[in-house]
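Both complexes below contain chain A, partnered by chain B and then by chain C.
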Partner chain A sequence: MAVCTGCSLLCDDIELEFEDGKISLTKNLCRKGEGRYRSLREDRLVPAVDGAKVGFDEAISRAAELLGDAENPLLFGWSNSSLEAQRIGIDLAKKLGATIDDTSSFCQGYLMEKVLRGEYPTCTLDEVRNFADVLIYWGSDPSSSQPRHMSRFSYFPRGEKRQRGYDEDRTAIAIDVRKSPTVVIAADGFFRIPPGGDAEFIEALLAALGGKIPKVKDKKMKKKILKLGSTLRKAEFGVVFPGLGLIYSLKDEIDKLTPLITRLNEVSSYKLIPMVGHYNMRGFNQTLLEETGHINRVSFKDGVEHGTQFAVTEAVNDCDALMVIGSDLISALPAAISKKLARIPTVAIDPHRNLTTDMARVTIPSAISGLEAGGSALRMDGVKVEFEPVIKSGYRSDVEILSRIMEAV
Partner chain B sequence: MANVMEVYQLLPKTNCKECGYPTCMAFAVALLGKEKIIEDCPPLIENPKYEKKLEKLRELLAPLMSADATETGMIIHTDKCYGCGNCVVACPVNVANDPKGTALGFGPKSGRAILMVEDGVIKCVNVEECRRFGPEKILCSACIVTCPSRAIEFV
Partner chain C sequence: MAKVEVTIVTYRDIFQEEAKEIGRYSDEYRDLSALILLDRGDMKLIKTEDGQTVQVETDGGMVVVTARLSEEDEEHPGLAFMPNSPWSNQLVSEDTGTSKIPEFKRIKAEVSATDKDVDTISELVERIRADY
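Right after this comes the complex of A and B.
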């Protein structure tokens, strides 16, 4: 059995068949995971300096030179690296006096921090499978982003206390601005809200939970929310799966979610599991939290400092060298910030070629975790999953690359 | 999915019994059940006045007769499939045949599952176990309603 590192579900029931040392058939992999497995042979990165192909050792020494000479280096990425690589990455940041940040900075960071600090109640996905009866997918679309979420853990499988399956034992509620593929399944529990309407919906829901009439113009919606309030009150074990839709909609008002979570736990038992995308984002957040007391946006220049000025979107203004590992930063950020990034000397470590590696001064190809390199990672619910490499390849793991840079700096 | 009335409308409706069935309606049911083929109705083939009906009927039943459809009439549009496995876990036959595997959300463990995910898309095996198989079939739709991309249909 292999472990898929295509998303943060880390499915560990993957079966593979081999022919001539190559994977010839995969079983139980979703389309997203299958894409990751197929990418083994597509568009792999080559070690290069200033666009010219060089040897691996040369690329490492140039990367170490570039980072070592910088006054304000920024190390970014990490969500697609194993726990072991992340730990070396944090040590490297300490050694360089660098700023370190990961994808949670503009992703699930806020909610993940609340969960890791114990401010929001959470549970494991196995508990969801065994006990949960009300599932709220809020601004998230597991069918597209974590395809096996509903079939392996949340809605469809039978569990200890949920023996009769999805149609009798569980209720799926989807709150979204559009009719996503998840909504197709949870059609009865679909609440369509306007873009940016999440704060208003939270208030309406709080009113309904308190037995008051929600202040909503649409009469049908008013009735629906009242009914939802009663469904939520009757739940035995509810779980909220918030996605980026909710986070980007609430923006600075994200604290508005707290009273709802508190209220839900007054009427019944509710947990929250952020719908993490990358396979080990939670791992980085937890490791850095244990190390520094902060989940992201940390500078080691003068001891340990934390603040929004160390978020990648701000830190690009001050940094004079950048290392990106396992992330396509240029594609992810708005053009205005990408323009700034393009001017910074960059080291990119990635299994594949992408826009960030295209603009990088030094590129170092790495092995794909879970396929060519082993290690361990934290699933979106915090469960540690260990994985072994399933095929042999000449690519070095992130651990080896980072250790070599560490030695050379 | 073609229904029996649509098929009946395209038959001669003379109840000539040449096909071996007492009525054209019975023949329509047999056509949908794949017990008979269009060529078993001689008037429809031989009489030129039914030419248009014949053409429409062939068009209507093309998906049913195609090689893509399994014996239960299931067609999987692999280009649409996400490989999420919702149908694998929701299928009542899979749950009954594989209580330690698909029933709990894992991949099939017993070898008696009907649906499984291979190379990132759904595949139908052990088709004779499907509730829609055979003369005593039930119109089960568990795999259709749980598909987020509507990649499964029955003809």
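Right after this comes the complex of A and C.
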């Protein structure tokens, strides 16, 4: 059985068949995971310096030079690396006196921090499968981003206390600005809100939970929210699955969610699991938190410093060397910020060619976790999942690459 | 040329996610990414049809993508959707406010019909590199 690292569900039930050392058949993968498996043969990166192919050792020594000579290096990525690689990455940042940040910095960070600090109650996905009866997908669309979430854990499966099937045993609520595939499954449980309307919806829900009339103009919606209030009160085990829709709407005002989580736990029992995308974002956040007291945006230049100035979107303004591992940062950020990134001498470590590797000075190809490299990672709910390589390849793991850079600087 | 003002919300799509895994440079990835889903009324306003190209412009940048008729049940004039991709990121402002998170899901833009072809990923890369 193999583990898929296509998303933060880390599905560990992937069956494989081989022919001549190659994977000939896969079972249980979703489309996204299927893409990751197919990518074994597509667009693999080659070691190169300034666009010219070089040997692996040469790429390592040039990378070490580029980072070692810098005053203000920034090490970014990490959510597609194993826990073991992340640890070495943090040590490398310490050794270089570098700034370190990960994708959570412009994604789930604000919420993940609340969960990791124990400020929001949480649970495992196995508990969701066994006990949860009310599921709130808020600005999240697992059907597209964590495709087996609803079938393996949250909605469709039967569990210890949920033996009668989803249509009787579970209620799915979807709060979104669009009719996503998850909304289609939730059907009557869909609440359409305008972009940025999340804070107002929180207010309306708080009113409904307190038996008050929510301040909503639309009469139908008002009734629907009141009914939702009573559904939420009757839950035995409710879970909120917040996605980027909610996070981007609230951002650093994520505290606006706190009164709702508190209230929900006064009327019943509610947990929250952030809908992380990349397979080991949570791993990085937890590891860095243990090491430094912060989940991201840390500088080791002068002891341990933390702040928004170390967010990748800011740090780009005064860093003089960049290392990106397992992330296509240039594709992921606004073009205006990417233009700045493109000017910084960059080392890119990735299994595949992408926009970031194309603009990098030094590229170092890496093995795909779960397929060509082993290790461990934290699933979106914090459960540790270990994986072994399932095929032989000449590609080096992030652990090996980072250790070599570490030795060389 | 008639223009319509919209707020663009980005989203993720499983087919596009699959294509992304396989490669940013594939035609498949472009076909599934360089899109904007518009309200029927907004399409009429700018005299465009499903499958034709449109120019989308913000203070942050400009991009040419394919217009698609949105499949929402309700009308949503002034609201448009784009898959999250380097195409949508051409439009996002660099202003990140106090959170330092870009406005990926609330992009104010103007959309108009155009004869231009959909931007290729290489063209986007060239534009990012232009100020080198």
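Here is the rule we go by: the second predicted complex is superposed on the first by the 408 of 409 C-alpha atoms of A that agree within 3 Å, B and C clash if a C-alpha of one lies under 4 Å from a C-alpha of the other, contacts with A are read in each partner's own complex, and residues count from 1 in each chain.
FYI, a contact is a pair of C-beta atoms (placed from the backbone, for glycine too) under 8 Å apart; a residue touches a chain by one contact, two chains touch by 3 or more.
This structure is a prediction, so every number in the text was calculated from the model and none was measured.
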Exercise. Examine A:A311 and indicate which partner it touches, taking first as chain B and second as chain C; both and neither are also allowed.
Key: second
Quiz item: In the superposed arrangement, which partner chain does A:G165 touch: chain B (first), chain C (second), both, or neither?
Solution: first
Exercise. Name the contact category of A:P181: first (chain B only), second (chain C only), both, or neither.
Key: both
Quiz prompt | Partner chain in contact with A:Y110 - chain B first, chain C second, else both or neither | solution = second
Practice problem: Tell me which partner A:G245 touches in the superposition: chain B (first), chain C (second), both or neither. | Solution: second
Exercise. Could you look at A:F156 and tell me whether it touches chain B, chain C, both or neither (first, second, both, neither)?
Key: first
Exercise. Specify the partner with more touching residues on chain A, choosing between chain B and chain C.
Key: C
Quiz item: Now for A:R31: first (chain B), second (chain C), both, or neither, which partner does it touch?
Solution: both
Quiz item: Touching A:P195, do we find chain B (first), chain C (second), both, or neither?
Solution: second
Practice problem: Pick one for A:P147: touches chain B only (first), chain C only (second), both, or neither. | Solution: both
Quiz item: In the superposed arrangement, what residues of chain A touch both chain B and chain C?
Solution: 30-32, 34-35, 143-144, 147, 181
Quiz prompt | Residue numbers on chain B that touch chain A, as the complex places them | solution = 81-86, 88-90, 95, 103-107, 116-121, 145-150
Quiz prompt | Residues of chain A defined as touching chain C within the complex | solution = 6, 30-32, 34-36, 38-39, 42-43, 105-107, 110, 141, 143-145, 147, 177-181, 192, 194-196, 244-245, 247-249, 251-252, 308, 311, 313-314, 328, 330-339, 342-343, 352-355, 358-359
Exercise. Can you check the complex and tell me which residues of chain C touch chain A?
Key: 7, 9, 11-15, 17-26, 60-61, 71-74, 79, 81, 85-86, 89-94, 96-106, 121, 124-125, 127-132
Quiz prompt | chain A to chain B touching residues, read off their complex | solution = 13-15, 25-35, 129, 143-144, 147-148, 150-153, 155-159, 165-166, 181-182, 184-185
